[in-house]
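We call the chains A, B, C and D, going by the order they appear; numbering starts again at 1 in every chain.
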Amino acid sequence: VVGSHSTRPWPYRTPGIPDDLFERIPGIPMSPREVRLLILAQLRLLDDSLLWDIGAGTGTIPVEAGLLCPRARIVAVERDNEVADLIERNCQKFGVTGVTVQRGSAPECLGELDGNPDRICIEGGRSLSALVEAVWPRLVPGGRVVVATSTLEGLYRVAEQLAALQARQVEIVQSGFCRLERRGAQQGFTALDPTFVLGGQKH
Amino acid sequence: VVGSHSTRPWPYRTPGIPDDLFERIPGIPMSPREVRLLILAQLRLLDDSLLWDIGAGTGTIPVEAGLLCPRARIVAVERDNEVADLIERNCQKFGVTGVTVQRGSAPECLGELDGNPDRICIEGGRSLSALVEAVWPRLVPGGRVVVATSTLEGLYRVAEQLAALQARQVEIVQSGFCRLERRGAQQGFTALDPTFVLGGQKH
Amino acid sequence: VVGSHSTRPWPYRTPGIPDDLFERIPGIPMSPREVRLLILAQLRLLDDSLLWDIGAGTGTIPVEAGLLCPRARIVAVERDNEVADLIERNCQKFGVTGVTVQRGSAPECLGELDGNPDRICIEGGRSLSALVEAVWPRLVPGGRVVVATSTLEGLYRVAEQLAALQARQVEIVQSGFCRLERRGAQQGFTALDPTFVLGGQKH
Amino acid sequence: VVGSHSTRPWPYRTPGIPDDLFERIPGIPMSPREVRLLILAQLRLLDDSLLWDIGAGTGTIPVEAGLLCPRARIVAVERDNEVADLIERNCQKFGVTGVTVQRGSAPECLGELDGNPDRICIEGGRSLSALVEAVWPRLVPGGRVVVATSTLEGLYRVAEQLAALQARQVEIVQSGFCRLERRGAQQGFTALDPTFVLGGQKH
């Protein structure tokens, strides 16, 4: 049954690629699988979405989004050249072709991008709420922005920002997963540090 | 942009349908969105999977799986007629056509089912580990079984069962989400009760 | 062994009285046992502390503090007469004599209180950070303030406030307990909603 | 106010000593403060309790128990000589005098201990449920046993064991704390791995 799929590293239709299948660079952040699932769910991607992913890190969201929506256009914005290369390598590894890596610092470099996105994912940056404010005018009506953050300041200010922008259907979730891992003859729970995922929709 | 999609209740390519979009019957369990995401990720559905969903409850997994894999065949096993009707209504509501509802008690009724599944999801039942043992011979080689449970007994016994069956790539995750909800002028965190999601693959 | 202790409802030297031993009024908040333990730990009570407890609710902190420190003076500030009566009844029930209930609204009524506390516990109020600011001048040098809140706004603003006041030894903890409870023949985990406990010390 | 207390490292009446105040040996487990609070609460120590602490590790429970109950007798059972020395040093550091360290392996060495305890705390060991079974006959009627474990096997088997022993007032709690920690200009949440604390009382 699985024979024809076996040449691709992730032949499945469901998101949630195990963390260790991605190529990584030490110190470069990566959203763990369980957090990625929350981000993707809040993004509510359409078949033909134009997605900007800002602070893409390891590139896990572009990869998962590209696999779910092969016809979508995805722009990963990353200022660090080494990290930008990593994103490209991970897209190649998973056979994702719809991703363009924009090398530059957000929000300054966003003026160089063509088109207005209907989906924006913000996974990192110096000031998350400043980023939300900067990208909001580019978001098409009915479009969605999703922010993932592990800091209290990011959580509070983006929540305030979404309220100030009168975003609709605001959802804020705190993840708190534990993974059961083998420790000798027994199994113990390891907690993942919590991440907050915030999403909202433009009028 | 979203015009052509607007007639369908969930036009998106990403799973994670909000809980309140499903028709519900009071007292009938439903996997909340965040838990559904974990179940779907562990199922690793293929385009043409044959999925058995046992103890399907409200039918959220058949709906989400059917939207992600329109070509898959999904059999929802449910002994209660009223609940079986609910599953069918939820599939109709979301335009999912690949789902058959098998009315009967698992594991007894499984002998009536044609074909051998490559994916089995167990969301409920009197004895989860007995169910795992009963369905395992029907699972095709390389196929996967995923169990969701909120009980200590279910967690422990299914973990033991998967080890006894020499399942590969066993993953066990405890979910622990909080949702931020408005309380007057402020926002407070509401915790979802934890669920354990266990998955493993047959040799 | 336990005979001589048995006439007191909580003869133990350790805090953590089970929730259901307190008299309650529906709708009046109560810090659950696990959160109380965190509050008490951050308070670092001395044998002869003067503790103000603001927004005392059911009175669990005055009771536990009074049992741990029979020589301490404890002032529970509560504006609602019915709730103030409840606090007094719970103190009587547990044989705690060092508690005075001040009927009034904080921070306005605090001017009527004699002495300056070395410990302040804030469990509720219209604006937690305004309360922190109002009580801080009354706190003796080296004294500690501890705030418990379940809201994002409370968490963020009190954290900011403690930084602005240059509080030392600031500790901020999010609680996330689950209790295993019997459900028929099995046991399932019930999550308590998270509470944030913040503490800091004055120069 | 605090002058007369300042020569003692923990002059407070409340438990919950910060982790970094204890002397530690790398690799030797220590119950973090928040878990210690749960253990102490479930122990329900009396003024004159005889407490056995088995697998005491760093000695945090003997120290906290000794501070709360200066008249209690506490026996810390530890097979490793280096760890036994560590427990003694931590007791000296905090001025706790009621602790005896029994060097030996539980349950074998328990036969050498005089008296029957009314409180038993099990923080570690090869088989927690075997330890519970071995110590139960020594526990006085009305006495309590408390077990802390981070493993699924420990949780399940001790829960079964307490049921088989017909323990009363069984309480099982899963801890799930996050600590807010400074990361540059922001603050992020760090999750502690969960621990299960189980307690029960003998008829």
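Criterion: contacts are C-beta pairs under 8 Å (C-beta built on N, C-alpha and C of every residue); 3 or more make two chains touch, one makes a residue touch a chain.
Predicted, not measured: the structure shown is a model, and the values here were computed from it.
Student: Between chain A and chain B, how many degrees of rotation does a Cα superposition need? Round to steps of 5.
Tutor: When the C-alpha atoms are superposed, chain A turns by 180 degrees onto chain B.
Student: Which pair wins on C-beta contacts, C-D or A-D?
Tutor: If we tally the contacting C-beta pairs, C-D comes out ahead.
Student: Which integer distance in Å separates the CA centroid of chain C from that of chain D?
Tutor: 25
Student: Between chain A and chain D, tell me the centre distance in angstrom, where each centre is the average of that chain's C-alpha atoms.
Tutor: 42
Student: Residues of chain B that contact two or more other chains, please.
Tutor: 152-153, 159, 174, 176, 178, 180, 187, 189, 194
Student: Quick one: in the complex, what on chain A touches chain B?
Tutor: Result: residues 1-2, 5, 11-16, 33-34, 37-38, 40-48, 68-69, 118, 140, 142, 159, 171-180, 187, 189 of chain A touch chain B.
Student: So in the complex, the part of chain D that touches chain A is made up of which residues?
Tutor: 150-154, 176, 178, 180, 183, 185-194
Student: Can you list the chain C residues touching chain A in their complex?
Tutor: So the residues of chain C in touch with chain A come to 152-153, 155-156, 159, 174, 176, 194.
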